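Okay, got some structures for you below.
Next, two complexes with chain A in common: one pairs it with chain B, the other with chain C.
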Partner chain A sequence: MQKTLYITSNGRLRRKDNTLYFETETEKRSIDIENIEQIHIFGEVDLNTKALNYISQYGIILHFYNYYGFYAGSFMPRKKNVSGDVVVRQALHYLDREKRIFLAYCFVESAVYHMMRNLRERKEAEAFLNAIEDEWENGRFNISSISELMGLEGRVRNIYYSSFNQFLPEDFYMEKREKRPPTNPINALISFGNSLIYSTVLTEIYHTQLDPSISFLHEPSEKRFSLSLDISEIFKPLVVDSVIFKLLNNRQITLEHFDEDLNYCYLNQEGRRIFINELRNKLETTVRHRQLNRNVSYKGYIRLECYKLIKHFIGDQVYSPLKAWW
Partner chain B sequence: MFVIVTYDVNEKRVNKVRKILKKYLTWVQNSVFEGEITYGKLEKCKRELFSVIEKDEDSVYFYEHSCNERK
Partner chain C sequence: MELQDLKFQGIKINYLYVCKRKLWLFSKNITFENQSDKVLLGKVLHEYSYPKEDAKEVLIDNLIMIDILSDGAVREVKYSSRMKEADIMQVMYYLYYLKQKGIEKQGIINYPKERRKEILELTPEYEQKVKQALSEIEKITSQVTPPPATKQKICKSCAYFEFCWG
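Right after this comes the complex of A and B.
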């Protein structure tokens, strides 16, 4: 299992002794470069081309986040797995309206399934669960365009988020979901978690033949690698939300882990550390896969989604999105 | 799998061995490394080490720690 490295402190990444060192003012640490798959950088980190060249030899992806913890961009080494054939077929599925709606529907279906799964165990959220079910069952069979699907998804998501107030600590009351910038702690947590999952999915896509910019639910023109937005939909409720619930309900993250300013709110360094740690544990948790008959981590399931998409594109097996059965 | 590696190598080569191990594992103490590693990576690491050490003078020990698979 390739590891993910998260750097939250300030320092310098450098190549030395044929491996990578992370140096801060007080300590110097060597990194076992052979086992690293991706590095998320939150602190102020210096690095030079010598380090970048070495990193790219190992196919390691660097993800950068700005001061507020928002995703800034990635350094991706030259792609080793390229297949024009897969990309062309992927594009064909975008161009064909029916085929595109099918895939977009799959992503939303799985997302809704996981949202309902999150609420199912909670007594307090029963009314909301029923409301989501009604909305979804009524809407899902009359979808004729992507925008209608997006609208339905938005409505479901609104109900879902409003149910949070029922079972999360009172400190974390949320009027509504707000992004850019998040104005209260819970929104800050959701945004931070989503940007982490987004780049994790991007890393997994990178290791397959898929083209991250051709997407189905989101418009490919959305300025980002939108395929990873599509796939993230599946894992946002499954991974990020359950991490948030756990951290808040166990009071591992409290209001003191947030810096609040006039109009916005974000996690401070300590809060980020706690969150990242829990997310890392979650992504490394394994569940037995029924067909493969071996244990697969949550991160592994992200990769498997990519493989399933490739199989769908080349006409091998029709895509069916992940629905957590455990 | 989780391994612990210790070595006793002639001073002339000790740095070479250390530098190789650093790529794969985390340093814990002088002459001791540990960490999570895959089977394939470990073989690759061993091969690199064998090209450096003198078999009749140096020794490298690999201990595999087999804990039950984490949940």
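Right after this comes the complex of A and C.
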């Protein structure tokens, strides 16, 4: 499997002859460029066009994050997999209201399924689980617009997040979900994890013929690559939230891993390392796929989700979103 | 459309015999070959086999790519002979294509890993078969939706395996 590299320290990416190096003040490490798919850069890293050109020859994507760990943007080499046919049909599914709602609903359905899956094993969250089920079952058959769907999803998500207080350590109490900027540790963790998933999904989309800017649940105008937001909905609860629960309940991440600025709260370098490490393990964990009869990693399931969308667009097979069966 | 006007890349003839679905997807540029280890092996084989031949990867009319042109023969290099029928038809198509341009050649398929080769002549029967193949490709690639996936032994080693069955 193609690997993901996370750079959390400061240094320089340099091409020397036909090798890519990451140099810090103390060490110089060569990077196995043939086997790298994406690099997430958190540290203060210098690089030049010589390095960028070399990196793009191998179709490697760079994701940049700022000082606070917020996603800044990506460098994506010229796309090799372009199919005008797929893009045109993808756009048709956006323009047709019924078709668009169908796909948007699929993303939310899977997201809610995975939220409920996360709470199912927890006794403390039972009441919340029931509340989510009620809200969802009552609402899901009366959706006639994207904004109604968004509203329902928002209500479900509020119940879901408020249940966190029941089973996470007290230090990580959450009043409500806050995004820009997160002002407390739990919100900081969720934001950090979500932006990592967003860029990971973007990498998978890049390797397919999908156009990342044509989306269904989110408005295409909302963000440049909003299809990545759509697909992320499925994987946020499935991957990010379960990583957060594990790290907090095992006390691997504690309050000392956070820094606070005026009204920001963010993971410090050590905290990021721990989080990234756990997230990487999760993404590389494999589950036997029932049709393929092969072990597929969580990252692989993201790719398969893209394939299913393509098959939906070309009229091959109706999209049915992932619902973790394991 | 006149048969004479039907022109395709050689690989499409090959895919017609390997898998019609793959042919359709390939024709829409839905390709995954660049991520396949098997395809990489094939590329390496092409690169390192027959280093003494000068005329390698000869592109004709910006359309068909002939692996090697030597000694009056059109040579195609393949990794294994598992898809022999498809390989033969691909070379027959090259011979047919060249014949339309007034060039008559012999065809050779090299299987360097198996130390085997096939020598081919374009017979009237094959010429007929090539014409049929071309109109079938035209028919398949103009369909709106792809032919459904059908499980075959070769699926497991195909670059599209996860796309078709995932």
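In the analysis below, the second predicted complex is superposed on the first by the 325 of 326 C-alpha atoms of A that agree within 3 Å, B and C clash if a C-alpha of one lies under 4 Å from a C-alpha of the other, contacts with A are read in each partner's own complex, and residues count from 1 in each chain.
Quick note on the criterion: contacts are C-beta pairs under 8 Å (C-beta built on N, C-alpha and C of every residue); 3 or more make two chains touch, one makes a residue touch a chain.
What you are looking at is a predicted structure, and each value in this text was computed from that prediction instead of being measured.
J.: A:3 in the overlay: touching chain B, chain C, both, or neither? Say first, second, both or neither.
T.: Touch partner of A:3: chain B, not chain C.
J.: Where does A:18 make contact in the superposed view: on chain B (first), on chain C (second), on both, or on neither?
T.: The answer is first: A:18 touches chain B but not chain C.
J.: For A:53, using the defined touch cut-off, is the partner it touches chain B, chain C, both, or neither? Pick first, second, both or neither.
T.: neither
J.: Looking at A:207, would you say it contacts chain B, chain C, both, or neither? Reply first, second, both or neither.
T.: It touches chain C, and chain B stays clear.
J.: Check the residue A:310 against both partner chains and state whether it touches chain B (first), chain C (second), both, or neither.
T.: Once the two structures are laid over each other on A, A:310 reaches chain C alone.
J.: Name the chain, either chain B or chain C, that contacts more residues of chain A.
T.: Greater contact footprint in residues on chain A: C.
J.: After superposition on the shared chain, which partner residues are touched by A:130: those of chain B (first), chain C (second), both, or neither?
T.: Neither chain B nor chain C is touched by A:130.
J.: List the residues on chain B that touch chain A in their complex, please.
T.: Touching chain A from chain B are residues 19, 22-27, 35-38, 41, 44-45, 69-71.
J.: What residues of chain C sit close enough to touch chain A in their complex?
T.: Answer in residue numbers: 28-32, 34-35, 144-146, 148, 161-163, 165-166.
J.: Per the contact definition, I'd like the list of chain A residues that touch chain C in the complex.
T.: It comes out as residues 80-86, 207, 209, 289, 291-292, 296, 300, 303-304, 307-308, 310-311, 314-316.
J.: Which residues of chain A touch chain B in their complex?
T.: Answer in residue numbers: 1, 3, 17-19, 30, 32-35, 285-286, 295.
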